[in-house]
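Pasting the structures in now, so scroll down.
You will see subunit A twice below: alongside subunit B first, and alongside subunit C after that.
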Partner chain A sequence: METLGIWIGALGTLAILSFLFRENPFFRTAEHLFIGLAAGIGIFYGYQTIVTNAWNPLFNPADGEVRKWFLIVPLVLGVLLYTRFLNKGKWISRIPLGFLVGVGSALAIRGVIGASFMSQILATMQLPLWHTMAKFKIDSILFILGVIGTLIYFYFSREQKGPLKVGASIGKWVMMIAFGAAFGNTVMARMSLLVGRIYFLLGEWLHIL
Partner chain B sequence: MKLLEKLQSIDRRIIYLILALSIILPLLFPIGFPVDTTKNTQDVYDQVNALAPGSVVLLSYDWDAASAPELLPQAEALTKHILDRKLKLVAVALWNQGATFADRVHNAIAPEVGAVYGQDYVNLGYRPGGSVVLNSLARDIHVTFPEDVARTKTASIPMMKEIKSIDDIDLVICLSAGDPGLRTYIEQIGAQYPVTISGGVTAVSVPGMLPYLQSGDLVGLLAGMSGAAQYENLVDRPGLGLGGMDAQSISHLVIIAFIIIGNIAFLAGGRKKK
Partner chain C sequence: MLEEIIVVNRLVLLGLTVAISVALLIAIRQAKKGKKFFIRRIAGLEAIDEAVGRATEMGRPVHFSPGIASLSEETAAQTLAGLAVLGYVARLTAKYDTELIVTNRMPEVLPITEEVVRQNYLSQGKSENYNPDNIVFLSDEQFAYAAGCMGIMSREKVAANIMMGAFWAESLIFAEGGFAAGSIQVAGTANTHQLPFFIAACDYCLIGEELFAAGAYLSQDPMQVAGIKVQDLGKIVAVLLIIIGTVTTTCNWPVICEFLARFAS
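Moving on to the complex of A and B:
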């Protein structure tokens, strides 16, 4: 069974990579198979999630466990989402949607304000100006200049001339360097994926590694 | 000049072929480029190494097959280190394929180090919900993950009897390919509870995580395949990370060469037109 899986994986990989040569029926077959499988797996996991988290504890509890009747609430809310497809009952879907948005926002604000907002501001404010940041091997003055420059770049309440123009220019260059680093990392990640597939083809499939 | 013009109209398939060869040849004939350990990788290693035997590590598998070449070798090297150190390993997943990868890693590593399921490590599987799951997990692991992947009740698993909430976890390591993932752990667990968060991410995600290292919300970070290679080096278990580093380095050099050649050809062509 494992050998069959490896062969399907290898032939699928070759079929997808064949697109680099030109569009062909092998690529299209693999593409449709991939989309179909992804949809199938998605439906399976969705179904399994409902069965494990709501249906079983509610209607089919394990031995020695009590029925969790409160789970009927999320189950009903989930079903109500589909009222969106009813012409007259469309408004009902806003109830579970509102609940989802409310819970999502509350959790996001709770976490984001602490770690992604206040903590970042404090960490930058606490940096000594004349100090080497060991983690990034740069002087902290460069880091602070970069932060202030980037903030000035997005300050639109006054025309950017004089000192503001200099600051915005520093900000623009810092952002360009950051985007360059991000792009370089993206290339690295994509090459890693290709290395991974070729490693699989040469190793697990052809056994020549 | 003819050569420069030809370079500008080079068939893309030739570029693909050269790129493929730049990966295949180093895999077949390894060069053995040195792999230096970065401070971020060393920090992850030191965090695990500093824990006393019996301490609990929560390892979260928040990725899918598309990121496996980068994160699977990270997971294998980390798991080897954790189980070798006789730490208790609790694997969870916020992505649906994560639990399958956790099983795959455990099946590969546990026999190597003689670890026993339920006593040394456990796979609690996947729960959907991201932030909601983490908030619930922090308060009560047994309620959030009532069963493991084999449908054994969490409360009846020997090692889980003493591990009930985030207070019983000594280190959280999240291997993440996006959202929900490492950022979710930092925001929902790290910012609320006194537990160290460490992690590994795909190379694409590295720039987005660096601010959290600077602020101290994140301690240590494995960056893509190179992070995996460094960790494999530290735990002395060569795998896809170390095996792929030569290929990755050569392919990067080829890309850089193409960028330089392309720009020279473009600039020379532009001057000629003027």
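Moving on to the complex of A and C:
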């Protein structure tokens, strides 16, 4: 069984990699298999999640556990999503969708104000203007100017003219340097993934390594 | 006593949340009353017109992806901004009778993309050209969705590939698939770790908050426009705080920084 799994994995890898040449029947087969399998697994896990997290605690609680009546709310909201298939009751599906969007927004606000806004500001505020930063080996004033320039780049209420244009240009350069570094870093990580695949093909599959 | 009721070290965050919420409500109210807030045009947006125009000239479809985030995550705002851009793209494709293919990863986003495209075809008087079969759900598995998108882009020979929303490791796969299909590519995401790939592989790119501003600019929705105004206000506050903080730190007077460090952690 393990050998069969290795063969399927190896052939699937080669079929997907064949896209590098061009779109072909092998890639198409692997693509459709991948999507089909993902759909099948998704249905299974979806069913399991509903049974484990909602149905059982609500209708078949384990011995000694209290029946969790409030779970009827997400269960009903979930069922309401299917009303989009009704011609006249289509609008009902907007209620659970609205709930989902509301939860998403609330989560975003919670995370953004603390981690993405205040912590970043505070970290920059604590830098003295003339001081070599140990981590980056650059003068902190360059770093501060870079942060302010990047903020100016994303200021949308005025046209970028005069001082705003200068600030935005600084911001743009700083971002491009940061993106370049991130690009190189991620390419290295992807190379290690490729090496892992090649090891799998040459080692586990062909036993050359 | 106070510490028993609320978490004292987050007092500043609470104040900020309240202040931002109030500012947002005021801005929304003003926008709904008809006050026009100015948002500068973003260069990458003009590229969307160019991309759809190219697809129209070539008689080939436009592919749009609203990203892979769901609507119940922190990144939901990116999906919503992407959907606003989708509305604009749908208006253009309806106007020029160009085929539009929208691929979805998240099941809950599918009905919204369907509705956005349908409404915009209707607004252009081209409801007969709206094809629900072109708004597809592929898979909620990240790389299965990526493989499906690559296949569609290649088989349908899309002339324009527009990606607006939250993307992760599949970003470069999409961009490479679009490039292989010979399409002009416009992308936008606020996921900073994926931006380098879009910048390197796409013809035009909306960076970070430009995606949200684009959504607001194109939809002119009072809620979204007001959101951008309040965010700009936040940036002014941030710049002021940084200037005050660095100057006071340099002068060895760290009272402000210490106060914020204590009550905004």
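What we mean here is this: the second predicted complex is superposed on the first by the 185 of 209 C-alpha atoms of A that agree within 3 Å, B and C clash if a C-alpha of one lies under 4 Å from a C-alpha of the other, contacts with A are read in each partner's own complex, and residues count from 1 in each chain.
By our rule, a residue touches a chain if its C-beta (ideal position, glycine included) is under 8 Å from a C-beta of that chain, and two chains touch if they have at least 3 such contacts.
This one's a predicted model, so the numbers in the text were calculated from it and none came from an experiment.
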| field | subunit B versus subunit C as contact partner of A:Tyr199, first or second or both or neither | value | first
| query | Between subunit B (first) and subunit C (second), which, if any, makes contact with A:Leu122: first, second, both or neither? | reply | both
| Greater residue coverage of subunit A in the superposed arrangement, subunit B or subunit C | C
| query | Counting only touches as set out at the top, which of subunit B and subunit C does A:Met188 meet: first, second, both, neither? | reply | first
| query | Regarding the shared-chain residue A:Val66, is it in contact with subunit B (first), subunit C (second), both, or neither? | reply | neither
| request: In the overlay, answer first, second, both or neither for which of subunit B and subunit C A:Leu209 touches. | output: first
| message | Once chain A of both complexes is superposed, is A:Gly114 in touch with subunit B (first), subunit C (second), both, or neither? | response | both
| Is A:Ile16 touching the first partner subunit B, the second partner subunit C, both, or neither of them? | second
| said: Just checking: does A:Thr49 make contact with subunit B only, subunit C only, both, or neither of them? Give me first, second, both or neither. | reply: first
| query | Touching subunit B and also subunit C: which subunit A residues? | reply | 41, 103-104, 107-108, 111-112, 114, 120, 122, 182, 186
| note | As the complex stands, subunit A meets subunit B at residues 20-21, 41, 45, 49, 52-53, 57, 62, 103-104, 107-108, 110-112, 114-116, 119-120, 122-123, 133-136, 178, 181-182, 185-189, 191-199, 202, 208-209
| message | List the residues on subunit C that touch subunit A in their complex, please. | response | 10, 12-13, 16-17, 20, 37-40, 42, 70-77, 80, 108, 111-112, 138-141, 143-145, 147-148, 150-151, 154-155, 172, 177, 180, 192-193, 195-197, 199-200, 207-210, 213, 228-229, 232, 234-235, 238-239, 241-247, 249-250, 254, 256-257, 260-261, 264
| Tell me, which parts of subunit A touch subunit C in their complex? | 16, 19, 22-23, 27-28, 30-31, 34-35, 37-39, 41-42, 81, 84, 93, 97, 100-101, 103-105, 107-109, 111-114, 117-118, 120-122, 124-130, 140, 144, 147-148, 151-152, 154-160, 175-176, 179-180, 182-183, 186, 190
| note | Residue positions on subunit B within touch of subunit A in the complex are 13, 16, 19-20, 23-24, 27-28, 39-40, 66-70, 96, 126-128, 131-132, 135, 146-147, 153, 183-184, 186-188, 190-192, 202-207, 210-217, 223-226, 240, 243-244, 247-248, 251-252, 255
